[in-house]
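Got a structure for you, written out below as structure tokens; questions coming shortly.
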Amino acid sequence: MQFEPDFTLPLTKTGKSQTVFPPPWYYGVTYIAAHVKLAGVGNLIPEFFRADGEGWVYIAEFISTSEHNWDFMYKEPDLVQYMEAAIGLKVEYEGRNYLYFPFMWVDKDWALVRGWLDGYPKKLANIRMTRLHPLLPKYNKVEPGLRLGGYATRGGGVMVRMEVQLKEKTDSLPLKDFGPLINIRRYPTRGDGEKDVYEVVSRQRDESKYGEIWKGDAKVTLEGYVNDELENVSVQQVYGGYYYPLYFRVSKTILLKRVEKVQVQS
Amino acid sequence: MQFEPDFTLPLTKTGKSQTVFPPPWYYGVTYIAAHVKLAGVGNLIPEFFRADGEGWVYIAEFISTSEHNWDFMYKEPDLVQYMEAAIGLKVEYEGRNYLYFPFMWVDKDWALVRGWLDGYPKKLANIRMTRLHPLLPKYNKVEPGLRLGGYATRGGGVMVRMEVQLKEKTDSLPLKDFGPLINIRRYPTRGDGEKDVYEVVSRQRDESKYGEIWKGDAKVTLEGYVNDELENVSVQQVYGGYYYPLYFRVSKTILLKRVEKVQVQS
Amino acid sequence: MQFEPDFTLPLTKTGKSQTVFPPPWYYGVTYIAAHVKLAGVGNLIPEFFRADGEGWVYIAEFISTSEHNWDFMYKEPDLVQYMEAAIGLKVEYEGRNYLYFPFMWVDKDWALVRGWLDGYPKKLANIRMTRLHPLLPKYNKVEPGLRLGGYATRGGGVMVRMEVQLKEKTDSLPLKDFGPLINIRRYPTRGDGEKDVYEVVSRQRDESKYGEIWKGDAKVTLEGYVNDELENVSVQQVYGGYYYPLYFRVSKTILLKRVEKVQVQS
Amino acid sequence: MQFEPDFTLPLTKTGKSQTVFPPPWYYGVTYIAAHVKLAGVGNLIPEFFRADGEGWVYIAEFISTSEHNWDFMYKEPDLVQYMEAAIGLKVEYEGRNYLYFPFMWVDKDWALVRGWLDGYPKKLANIRMTRLHPLLPKYNKVEPGLRLGGYATRGGGVMVRMEVQLKEKTDSLPLKDFGPLINIRRYPTRGDGEKDVYEVVSRQRDESKYGEIWKGDAKVTLEGYVNDELENVSVQQVYGGYYYPLYFRVSKTILLKRVEKVQVQS
């Protein structure tokens, strides 16, 4: 595999200072998630999407690395671990269903930048979720009745709070009916003649594997604050809560369409 | 079990706002540790201890709760999870060996305060260590050759950096020859007639259980900065590195001696 | 001035690693504050205090150092700067009025420990407030109409949010009618024969100087979360908002009374 | 002034959730800086730049906002305040001198993203610097002999530490001889047909104003860590240290050249 030294900033001749190393990228994730029906999501999607409010909210812990920095696993754990929270929607785009994330928060810079490269609208937040320990007298394993939870706060506001109480194992996630991922790569031009990037893309997972999936009940609260417009979004129904590990690998996105940006008078 | 509502500040009538809830306290820990010989530790211990430099350095992840706030496991994970780094020394006190920690860092307020209650000199630091994920293509399980690492930084300086490469399972830790824990409860008087606390105590574990212990090679770096005097401490030898989970429960300390504080002229 | 090397942990022979250096302590503060009437404060105070709900809420930025670490001003700014938020109440104790803080949050370990030494119930929080810059086209100076604000969040919850809009200069603060400071030094015993500290004290300021005090309107929101019981506290009235700098120096506390702790059956 | 609701992610119909609001952007800055001669900078610049090692290192505090979110000054101070540290170099590009920043660290997401939009290689770091308070007995004003300092740490390593001792006022900065700013807008393509952005640009300041500039001696330490290659960079000489406030306004960048990215075989 070839190594691209100028994939991302900062640019050095070796490429070893890059914020995000070139793909493939590996992801080991543990999710606390909820399948929900949301009201008031119209403001959260671009004009060219449609949404009926079916959604997927999660808090998750990621262990993730590029092929080129597995050594950070022991040399710099901060650059291969992050927390993530997100609000996903089933959207319709040109007659097909997709999974779109109008809001996504992480707690590391490289996770933020890597997300932006593929069109995820990541911001930084303070994200926490339940962790187990195999030797504790309680919370030592996944089992019926176990309560898990988490939250994301950003600046002066609470973005998401979740609780899930497990009931039983299940075979699959309702997420499989949401369709492929859809994202928007967006970097505005900053001067005459510069490239303006505004592309609808679909991020591809070239490998993927679920661990044991547990299902149960869930509670979800969305609040938002001045820079995260969740004040008009409400949770109408919670269909179920989930807890599961997932592995996947990402190498590229597929371009669906270039958005023609109307020039703004300045 | 009775609940003490005024065990720690803040004092409310319910006791539900306490920074540290009353014991018993449960600890599920994962350690990356090294058995070392240190030079220059004379400044790090009080006059009444002796040390030959045999030491124990670790970075660890804790899931920990009082009997009274198991619900925080899902409602407020931030108050039951913390990271810890520490430098331990085998010290002699009144003819017996003990394990004494001249430096200990954590990343949560309640872990700091709980530590001070029992005589641990905890400060806040930024602490990171390797985590595994069962579905990743590498770093999915403990095995020979696995490299683990971590560090603690505090303010403008690096306190500790560690790397361990695993070789094999082992039955026990060299730590068992260090002796019982010894700590110093210390809260200075702040005015005439107020209590001055200066007590040598031993923290008790009323339950304890090790998981699988792995041994290997290790590298340890100690640096320090203006408020953490490690500049004259050097690592002379690293006897071995360790990786293991541990469970223990704590309810109390045992008073060994009250230190007579010489009054300072002000 | 004599230097006490074992004033606080960690104990080294030089005393240079102490979390809190011995007094005197110097404080340069900038406050955004509000004079309020609160309902539901009964749970927030010990049995031996009375309160009618008159309160003082603030967000503030502190530059503060001991006499012994002025060099940290340039060597380690993190150890001389902190943010603080607090809820204060006018309480009656043995027939006299005092200013008592049932809740106080800071963002540094040494500020937390220093507070505990004198009986302040400090926890860590994420605290932000407006800052000005002399060369910006707006927000370059204090003036009528200026809007200032801030907040404190802790873990998964919002503790306090405030906004103040300035109207005019004023000569003094309503705080002067609250009475002296009253605090509770509290370190629980952890084993047989160990000292249990439970003292009502009054923190003394041996020097104090106000800068220009501005007054205006204010909005205050209190929320709390599972470990900070503000859910039954509401803001009934806001009498006014304030913005002002203050300098003070602290050397000691005065003991008012020792609380006889009823022994808890364990 | 027109408001572009889809300038940056996340995209909502109102545009109020954008990570970075559209320009113009206002900056009120306070700098601690040093004029230095660095050795070993060859790896830090792209092939098409030349550098002789003359450099400019700073730690700074920013109050900054877009025209569209002045209300965040009191509603969400976290989104208008940040800390920044940077290593600048005088580089030659196509026969002209420029000021290029191979490394730049900030402590907020929006400052990072805004930087990337204009070609600054910003990463997150923990950054601190001296602050004064007008009422403290020391450190109450800028004056000869005053010592100021700061640092940036990132993950497990120290990036920069600085100290400056002031001597006297001066009229201007050596920075004026470094030339205009030069940056590299870089967003890699992620799939067939997608735009790859690789542009050499110059960021424009359409307004700028210095406050009082103070000069003195300085000490600068550069360390770096596994993802920030400063290990071969050393400070050969420190010409002087500086402390000053600056205001500037930014609306756009000017395209100097598009870099033809050689396609990488995957």
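By letter and in written order, the chains are A, B, C and D; residue numbering begins at 1 in each of them.
As a working rule, a residue touches a chain if its C-beta (ideal position, glycine included) is under 8 Å from a C-beta of that chain, and two chains touch if they have at least 3 such contacts.
Remember, predicted model here, so these are calculated numbers, not experimental data.
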Intersection of the contact lists for subunit C and subunit D: A, B
B-D or B-C - the one linked by more C-beta pairs in contact: B-C
Classification of the subunit A:subunit C interface as same or different, half of numbers criterion: same
Gap in Å, rounded to a whole number, between the CA centres of subunit C and subunit B: 29
Rounded Å distance, subunit B centre to subunit D centre (Cα mean): 38
Where subunit D touches two or more other chains at once, by residue number: 71, 75-76, 78, 128, 155-156
Graph class of chain-chain contacts, one of line, ring, star, complete, other: complete
Contacting residues of subunit A [partner subunit C, same complex]: 126, 128, 151, 153, 155-158, 161
Subunit D partner contacts - residues on subunit C that touch it in the complex: 26, 28-30, 63, 70-71, 73-78, 81, 128-140, 147-150, 163-164, 209, 211, 245-247
Residue numbers on subunit D that touch subunit A, as the complex places them: 1-2, 4, 6-14, 16-19, 22, 42-47, 71-72, 75-76, 78-79, 102-104, 108-110, 112-113, 116-124, 155-156, 184-188, 190-195, 197-199, 201, 204, 225-229, 251-255, 261, 264-266
